[in-house]
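In what follows, a single structure is set out as structure tokens and then discussed.
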Amino acid sequence: MADDTIPLVELRHATKTYGRIAALEDFSLAIESGRPAITAIVGESGSGKTTLARMLLGLVAPTSGQVLYQGRDLHALSGTERRAFRRDIQAIFQDPYGVYNPFYRVDHVLTTPVARFRLASTRAEARNLIEDALRAVGLRPEEILGRYPHQLSGGQRQRVMVARALLLRPHLIVADEPVSMVDASLRATILGSLRQLNQERGISIIYITHDLATAYQVADNIIVLYRASVAEAGDVELVVRAPKHPYTQLLITSVPQVSPERMWLDEQRGGQRAETAHNGCKFAARCPVAMPVCQQSVPPLFRIDSRRVVACHHYAAPGDVQPEAMASVFAGE
Amino acid sequence: MSASILRVERLRVSYDHPLGSVRAVDDVSFSLRPHERFGLAGESGSGKSTMALAILRLIRPPGRIDGGEVWLEDQKLSSLSDDAMRALRLAGIALVPQGSMNALNPVLRIRAQIADALGDHGMSLTQRDLTARVHDLLGQVGLPPAVAEMYPHELSGGMKQRACIAIAICLRPKVIIADEPTSALDVVVQRQVMVTLARVQQALGAAVVLVGHDMGLMAQFVDRLGVMYAGRLVEIAPIGEIITSPRHPYTQMLIATLPSLERKGMMQGIPGLAPLLRDLPPGCAFHPRCPKAAEICRAERPVLRNLGDQQVACHFA
Amino acid sequence: MTRGLEKVTGAAPAFTDPLPPTPSRKGRGRHFIVRYLRRNLSLAVGIILLSLLALFIVIGNLTVDTELARPLSVRALQPPSWDHPFGTDRQGRDLLAAMVAGTPLTLKIGFIAGFLGVGIGTLLAFVAGYYRGMTDTVIRGIADIGLTVPGLLVLIVIAVSVRGGLTVNEMAIIVASLAWLNPTRTIRAQVLTLRERGYVEVARLNGMSGPDIILREMMPNLLPYLAATLVSSVSAAILASIGLEVLGLGPLESPTLGMTLYWINFNAAILNGWWWWWVAPIVIILMVFLGLFFLTVGLDEIANPRLRQSV
């Protein structure tokens, strides 16, 4: 198979700008082939997480920097290599209705990849493949096949998309807000399927969301994005239970939890200082603990311990971490 | 007469569908005390948004209000003429509808939209008074006066939503109904908007009905909560009681589905699917998905019974 | 450290959702069509009108001698009688025969021009709308400029410059030369919307090529819209051809509806009181246009998903 030392997919200093607005800045991440993990990318709208997803899928080319597949630049791949890429990296999107062509039955989204990538040589074999995939996500084939998209619930449609991703035996699935348009009671099932895929079939998952709580439940590693840059990244238990970056802390305290203590409505501390244009940390204007240096220079990613990096001047230490070293922070040693 | 500022009694709303009539709200009763924050929780198809519209008599064909009564203080709303009802909307009961931030008129400045609301209710102010009023309203929702001259597209999601709240309170209503006011907003902005709503409510001395599905949000915001399933009210109780000891299995499971930020591995779902309203199971609508279901649940529909402070519609509570 | 959602995955078998009941298959088929037509009155009226016309043409061609549509076949200027149910005109044509022979000719022009127009228009629209870029700018530019020029004027100029008489087929080509302009624009707009749909993105991720995506994913969803555009295009083509013919620029020998109108005008039939001459073609033209109009409106309802209801 592929060389295990070359990362499956890698972003190197990838930047995407639209005019003067940076959607993603100097982002580096390596997804290894040998260590399938679930990485959550958490951020609010405008954080760059959607741009990140589209770059990983090759739908958008970076303005500068590179997107590499098996060590080769994604946008310079040959036809065959590109096909291999399309098989290896699959996607699950947010809207469980828009991804279905209303003209066809739901079978269409399953039979098309089987045909395109020649996964089966006979019709019977194809049928078996599809039914197995549906069962793997907890659906009964006889209840799904032959129906039109509007006849299934949102949760079922989304699970069919997971089944579809499964058919191609990818190494990586990029799930962009897969459950935000699904009822809360069904989210656990879908996320559970993803978790199962990771554990039983060794598929890496990139779970992109604004919902910190589900990210915590599902993922092993987490990257917190703020306005196109990484604020904090590392092992999910560390980042969520003991957040270091002021933005992460703000995010966590902003999530309303079911508990008898009601402190959520109390005014949060933190500045609403005017956003003066400066070259410093983007969070400085809202940061409750901003220092003068924060307005002057952008903090690089500092390594706090073996499993976490933070982009905040408060944690300045000798030997700051360069972005590409972020990969080794995850679920490794 | 009564101490409640809003009282809903046995409200029924149906929709006429080619395949048969569908009961979207089935025999729902609750009352709202002055200054109280009441939550109406449920998932899609539970009927909670229809409830909000029905209270304001905004149900249009093919929907209709089949039965029941709504009182605002001592005024029976069904006996009001259409004009009187129109005057009552915004002035007596204000609604911040779902997705309202996208319903702001894109070609009018915020100031004009507030002026429209005031004008519709017969308030004609001089330009100077209008400006003062607009700036005051914006201040109450934490927006700078400059926003008055802006167009909706120049504002962020949170600011738009707060502008909608400003419009909702411009006539000092007694009740504010907010339908999923923060569903499209990020977590940090959501908090700002809810803090604003709470502050505004206290300043006005109004009561709030918050319609939504986020139990965490309910837990932190409301004083009392009603849980709806398939158009029926299955539990009403003070929020503290519901959190610590939910009685109805659906409430229990709804709370359990909220992913925790404290411990991993606790995510749960509710098995099965929400029923189609036109094809409800006999007896208790929840019984096909309920872990406690028994024969009686299929045979007999449970009614709301009092259990101390709480009301539950379950045979096993 | 507990990882995983054991509670969920452990209960996997119980999580297959019972399906919402689907509308019974028995409701489909003929019964469904009748019920739908009752709701979509426009479609029903359009179909009825056009069917009546079709019947008229078919039965007419079988029972009436179309040779009588030639000039000097019968006595001129006879009011309707048993022999000549529609009467006769000044050049000695039996008007019933003329209608029976001429209507299909007019319709033929309309269909050829309409189909050609929409065919070319669809092709250009997809290419422009899907690939964007320079191709789009060029195609759109030509269409836009073409649309600003008065169509009838261009047609007149073309028709006048053709040496000798025009045949019916030549008329069709002339009208078609302009018929593609509007469809290109409107269909392109639809393509632009469809392009952004989730399933098109998924198709791209499947590695499907452009033409594949256009044909397999986008085209089927556009069929209702294309049908509606086709019908209105045919209608416009018929109008344009009748317009040319009334001006005397059509195929002079053929008894097409437009030519009949021309002769009516030429001979001042209205002023001379030969009412039977102009009543029949007017009624038929009305039926053609009303039929096509109601059909368009009816198809529009199918094409517009918001108006569509799932029964």
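Order of writing sets the labels: A, B and C. Residues in every chain begin at 1.
Following the convention adopted for this analysis, a contact is a pair of C-beta atoms (placed from the backbone, for glycine too) under 8 Å apart; a residue touches a chain by one contact, two chains touch by 3 or more.
Here the structure is a predicted model, which is why all the values come from computation and not from measurement.
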Label of the chain whose CA centroid is most distant from the centroid of chain A: C
Two chains joined by the most C-beta pairs in contact, as defined above: A-B
Length of the line joining the C-alpha centres of chain A and chain B, rounded to whole Å: 33
Interchain centroid distance [CA atoms averaged], chain B/chain C, Å: 50
Per-residue multi-chain contacts in chain B, two or more chains: 264-269, 273
Residues within chain A bordering two or more other chains: 153, 155, 188-189, 191-192, 217-218, 237
Multi-chain contact sites of chain C, meaning residues that touch two or more partners: 1, 3-5, 8, 15, 17-20
Chain C residues touching chain A - in the complex, by the definition given at the top: 1, 3-5, 8-9, 12-13, 15-20, 22, 197-199, 201-208, 217, 220-221, 310
Residues of chain A that touch chain B when the two form their complex: 44-45, 153, 155, 183-189, 191-192, 210-214, 216-218, 237, 240-241, 250-252, 254-260, 262, 264-265, 267-268
Contact set on chain A toward chain C in their complex: 57, 59, 82-83, 86, 90-91, 93, 95, 97-104, 109, 112-113, 116-117, 138-140, 143, 147, 150-153, 155-156, 188-189, 191-192, 195-196, 199, 217-218, 220, 237
Partner chain A, residues of chain B touching it in the complex: 43-44, 157, 186-191, 194-195, 198, 213-217, 219-221, 240, 243-244, 253-255, 257-262, 264-270, 273-274
